[in-house]
Each structure stands twice: as C-alpha cells, then as structure tokens.
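Pasting a structure here, questions to come.
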Amino acid sequence: MTPALEVRGLRAGRVLVNDLSFTVGSGETLVLLGRSGSGKTTTLKLINRLLEPTAGEVHLAGERAADLPVTRLRRRIGYVIQEIGLFPHFTVERNVGLVPRLEGWPPARTAERVRELLDLVGLDPRQFSTRYPHQLSGGQRQRVGVARALAADPPLLLLDEPFGALDPITRVELQREFRTLEGRLGKGVVFVTHDVREGLLLGTRIGLMHEGRLAFLGTPDEFRSSDHPECQAFMSAA
Amino acid sequence: MRGGRADGRTGGRWLAVAGTALLLAAACGRRDRVVVGAKNFTESDLLAEIVAQQIERRTHLPVERRLHLGGTFVCHEAITSGRIALYVEYTGTAYTAVLKRPPPPIAGAESVYATVVRDYAQRFGLVWGKPFGFDNTFAITVRRRDAERYGLRRISDLARVAPRWKAGFGYEFLERADGFRGLARAYGLAFAAPPTAMDLGLTYRALADGNVDVIAGNSTDGQIEALDLVALEDDRHYFPPYQAAPVMRAGLLRLHPAIGPALDELAGKISDADMRRLNAEADVRHRDIATLARDWLHAALP
Amino acid sequence: MNLVQFYAEHSGEVLGLIGQHLYLVAISTSVAIAVGLPVGIALTRRPRWRGPVLGLANVVQTIPSLALFGFLIPLPLIGGIGARTAVVALVLYGLLPIVRNTYTGITGVDPAVREAGRGMGMTDRQLLLMVDLPLALGVILAGVRIATVVNVGTATIAAAIGAGGLGVYIFRGVAMVNDALILAGALPAALMALAADGLLGLAERRLAWRPK
C-alpha cells in the first residue's frame, strides 16, 4: 500500500534540515520530537511547501509534491498550528468548511461535512456552528482547528504542537480524544511536539530530531530503551 | 511661473496675517514707525516700495512694509482700523467700490479725485496725496489671435462672441460696484456660464493657457504685451478714471509733517509708460521690486 | 447680512457650489481609494518599497495646499486652472492616509491567521480577499474617513485656482472683508466634513469586523 507520506533526502538551508528521510503510512502517527530549533516545524513547512526545500523529495500518497500546484497540495494536507489561526471574522461553520469551499464543493455537501466533523471533535453542531472563535474556549478552538484540518478528507495531517498553548487539564483531555481519533481516521499523521510524554502517548513511531537531522526513528518502546544520548536526555526529562 | 509666484505670495499672505497680530502689538510701542501697506498685485507692491523708500530717504523715519495684504477692501479695512498708515489707492476704485457711488460722468478725472479727497476726509479721516500721474484702468483682455480672428477691438465687440466664451476674474472684480456685473450690463455681455472665479494673479495664466477666453487685467500690466494679449477699448466709458495716489491716515501727517512734501515730490512723476515698464520688469523678467523702486527713484528724483 | 436670508436669496448658487464641492471631494476620494488601496496592498507584498512610498506620500502631505496647486498649474495634462488641477491635488492629499492605513491594516492581521490560510491552500488572491481585506477593513475605512474629511476642508482652497466649490464664498468674503460671506462658505463646508466623518464612521462600525 502507498504510504500517506514519503520523505527522501529532504534538506533546507545549510543545517536547518539536513538529509531527512522517513515514511508515514495511513493510520500511522509519526511524532517528531526535539528541542526548540531542532528543525521540527521547518520539516512540516517543507512538507506542505510553506518553505521550499533545497534538496530532496516529498511524496504525498504516491504523488510527487513538487509536481502539484502548491495550493492543491496544501488542500490535501490538513494543517494545525499551536496558535490555531482560526479566521476571527468567520463562524465556526465557515472556518471548518473553508477548504471544501475553496475546492468548490456544493454547499449542501459542505454543510453536511461540517456537521459530521463537529460531531467527530466533540462539538455539538447546533450549539457551535454559528459561533465566532472569540466566543469559544481555548480547547474548543483547537477542536475547531482539528475539524478544519480534516474537512476535505486529506490523506495526511500535519500538527505543530497543537495542544501546546492549552491548560494542562484541557490538554490531557484533548490528547486522549486525539488518541482515539487517530485510529478511527486512518490517515497519516505527523505530530510535532517537544513534550516527550505527549509524544509517547500519541505516536506509533517517534522521530527524534537533533540539529536538523533525524537522530532516532523507532517505536515508542524502542525510544524508551534507546541508548542514544539525546533519547536518554528526553527520557530523563519525562 | 507667474501663477506659482502669485500663489507663493498668497500663501505667504496667510502667514503674514497670522504673524501680523504679534508684529503689530510690537509695532504699537514704536509710534515713529511708518507702516506702508499694499494690495495683492505687483503694481501695488511696487508703488508701496517707491513710497516707502521716498519716505526713508527724505525723512529718515523707519518704514515697515506690509505688502500684498489683500484686495481693496482688505487694505481699506487695514488703514481705517490703523493697522497700516498708508497705501496706494486708485481714485476710481475708491469712488465706486469703497464710497459706492454710481459711475461718474465721462472723463471727470479731476472731479473724481476731488470727490474722493472730500469724502475720505469726512467719512474715514483719511488724506489723499497727489496722483502719481498714470491711470491704471481695468483692461478687458483677450488673446491676440482671438482678437484678430473675431475682429475684436472694443469691449462692445465682445457681445457677439460672449455666448460662446468663458470669462475668468479675480474675486474682487466679481463683487465690486465697478466690476463684472456692471460691465456685463453696460455692454450686454451674456457669457455661456458664470465667470470662473480665481486668484487674481492666476487670471493671465488662465487666459494664456486657454482655460478662459477673457479676463479683467490692469492696463499697466506687463503681461499683456509679454503674453501676446490685447486689451479692448472701453468704448462706452464704463470704467471711471483710476489715478493712483497715496492714501494716508490724517494722524500720520500730524505726527510726521515731513512725509507730505516727500510724497508731493512724486506727483505726476510716473507716466503710464513708466508704470508698464516697471510692472513688466517685475512680472515678466522677475526683477526684485525693491531694486526696481530704488533705480527708478534715483533716475526720476535724484 | 443675515445668513438665512442670504441662503434664501442665493439658494440656486449655494446648491450649485455645494454640488461642485461634493463633486471635487467625491471624485478625488474615489480616485485616491482606487489608487491608494492597490498601492497599500502592494506595499505589504513588497516591504522594501514601504519606506520610499510612504515617505513620498508623507512629503506630499506636508506641501501647503496653495503651493501644491501652484506647482500643478504649469504641468501639462493634469495642470491648468480649474477643477481638474484641484482634483489632482486632492487625490495626492488623500493618498497618504489610505495607503498607510491599508498597509498597517493588512500587516496588523494576526500572522497565525495568515499562516493557517496559506497552509490550507488559499491562493494569494483568496488570502487577500477573504482574510487580509476583511480583517483590515476597519483600519482602511478609517483612512478613507480621514482622507475625505481633510479633502472637504482642502477643497475650499481650490477656489483660488478657479475650481469652484464653497471656497468661492470664502475667497469672496475675504476679498470683500465680509464675515457673513465667509461664513456662508465655511459653515456648509464644516457641516459637510462633520457629515462625512459621521457617515464613514458609521460605515466603519457597521462593516468592519471587530473582536468583542
């Protein structure tokens, strides 16, 4: 089966990201773990071409990313950032339905999809559809952010510390829900975090980034028992 | 550049107005200072400068210049309220615009002068000096090529073309008793649209550039010749005589009796040709007004 | 002279001058928007031009209006005596607030919102029309309001170069030392400025998105 994402020899700048290669299958969550400045966020932006790689290739569900028009590519990749970036002047419904609308879905189908997704992320559509982002709590906003990323049913999701700005209780709640969601969605997920506990909870595999390189790539169990000094540094922090 | 220059001056005038209050407050303390004003066109500035230099060299009194103040009514207001002590006025302007008398009978230059001397003394306590000699009447002016094409020599010829023409005047001419309305009535001028009102200094440029077809200039203006324009003859004698002469506050002569004889020396000394030449030097060749005034005084009254 | 009586006797003329004044302001503000909005947007895409362009607009703003009219008069095509020159000058005055507010309005949009928009595959055009402009609209409209109000005032000076408008009464009043005549021009101009301020302020509140 074609992997949701395949990255080969990815490079940006001199050392920002250096010779990165990995694949993410459907239903699999790769957690990119690392300190600040280790190149995690850069890697995500190289995948959806918010940054252009200087070398290497990215394949999305078997297609070469560089061959796709950049807007097409991005509409096929769900993207969630820590600041969420909901459009403040759009209702929840319009925020979630954005990509389907950009893709020209019929309004009825978009509306149906929005209801489905709000249900999926645990927000009652009747209650939340017409609200504006400033009328939501931080956790509710991030649920909307996730729903928005899933809207056009992309094969791949990129999440950049999505729960980083939430209070600890909401955060744990969302982490648990996301864990159950992952399995149901059957999508490739790349999840960036510097929180090793979050990484071990959500990842089917852990990629440890250090100075722009992938210093370790393996299952959470392999990560726990690795003798790589950077892995051990993270484990002792946890 | 005539327009730009006139504009700069008008802009300066506002600054001057703002500064005037302060300066006058300071000037009040020094009663020996003679404040000479002028209207907002070159000839008035030139004459004020000549008068100022004549007072300076004959009486050695300090003279303060308030040039380019504004139109007739601004200057009249300034002299009656004592902001200035002296400025150069034209008899016909005083007669019709200030005293608001009906147009005088034909060619009565002496009677117009006598009337303004009498009425100014009675009504405003102002004294007229002797006329400088030239007569600066309004010059209803058109482009030479239009004058030739349509055979225009006199203002009465204008009635034929007026319905297709555009006129442009300064704000004062549009309002004065001896201004546009009376002129239109006297000559039966019916223009296509109401005249375009603009800053007086811009009218020649507007005519030369073809924005308007007829303007009211002054017969002694240098631009008439320089811009290849023609002044039409006032064949129905609508305009009164406009002899230029200094107007002073009576108190000025009481305080400084030497000023009277100094100004009398100028009587009859400036011919129409002199004035036209001085205006042309200033407006067309952009020569400095103070220098022009000094040179003329040295030549005419050594 | 009584002002009410003056207006009653000259109603046709007054309405004509008000019409000319509105025309000068409406045309010049429309052109200033049509030019200033794209320029402001372009500056957000080419930040290197920001300094020179805003600097130039600032310099134009500092030129006294009479002097600017004077500079424009000798120029071919856009100069001369009359309304056209006045409109050109008023457009130049209106540009700065509109360009500056468009620029600051768009650059003031939350970068996370723009990144999310781009990350979801919006084209530059979609980002501009669906995100940047709606979110910057309040600031942009404030610029339009400033430009309009300033131009209502500056347009009175256009009467010096034969452009008509309510300045005609003001200049006539100054020439004749007639306060009533000055007031006859200044009062409607002031009311017009207040009305423009009020209406555009209302539009700003009604149309612009604002967080609670």
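We just call them A, B and C in the order they show up, numbering each chain from 1.
Following the convention adopted for this analysis, a contact is a pair of C-beta atoms (placed from the backbone, for glycine too) under 8 Å apart; a residue touches a chain by one contact, two chains touch by 3 or more.
Small disclaimer: the values here were computed from a predicted structure and weren't measured.
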So how do the chains connect up here, line, ring, star, complete, or something else (other)? line
Chain occupying the most central position, where position means C-alpha average: C
Chain whose mean Cα position lies farthest from chain A: B
Distance between the centres, which are taken as Cα means, of chain C and chain A, whole angstrom: 47
Distance between the centres, which are taken as Cα means, of chain B and chain A, whole angstrom: 83
Counting in whole Å, what is the centre-to-centre distance of chain B and chain C, each centre being its mean C-alpha position? 38
Where on chain A does chain C make contact in their complex? 48, 50, 70-76, 79, 81, 83-89, 98-99, 102, 134, 148-149
As the complex stands, chain C meets chain A at residues 110, 112-123, 126, 130-131, 134-135, 209, 211-212
Contacting residues of chain C [partner chain B, same complex]: 64, 66-67, 69-71, 73-74, 80-82, 159-162, 164, 168, 171-172, 174-178
Per the touch rule, the chain B residues reaching chain C in their complex are 1, 3-4, 6-8, 10-11, 14, 70-71, 73-74, 76-77, 168, 170-172, 174-175, 196-199, 202, 205-206, 209, 211-212
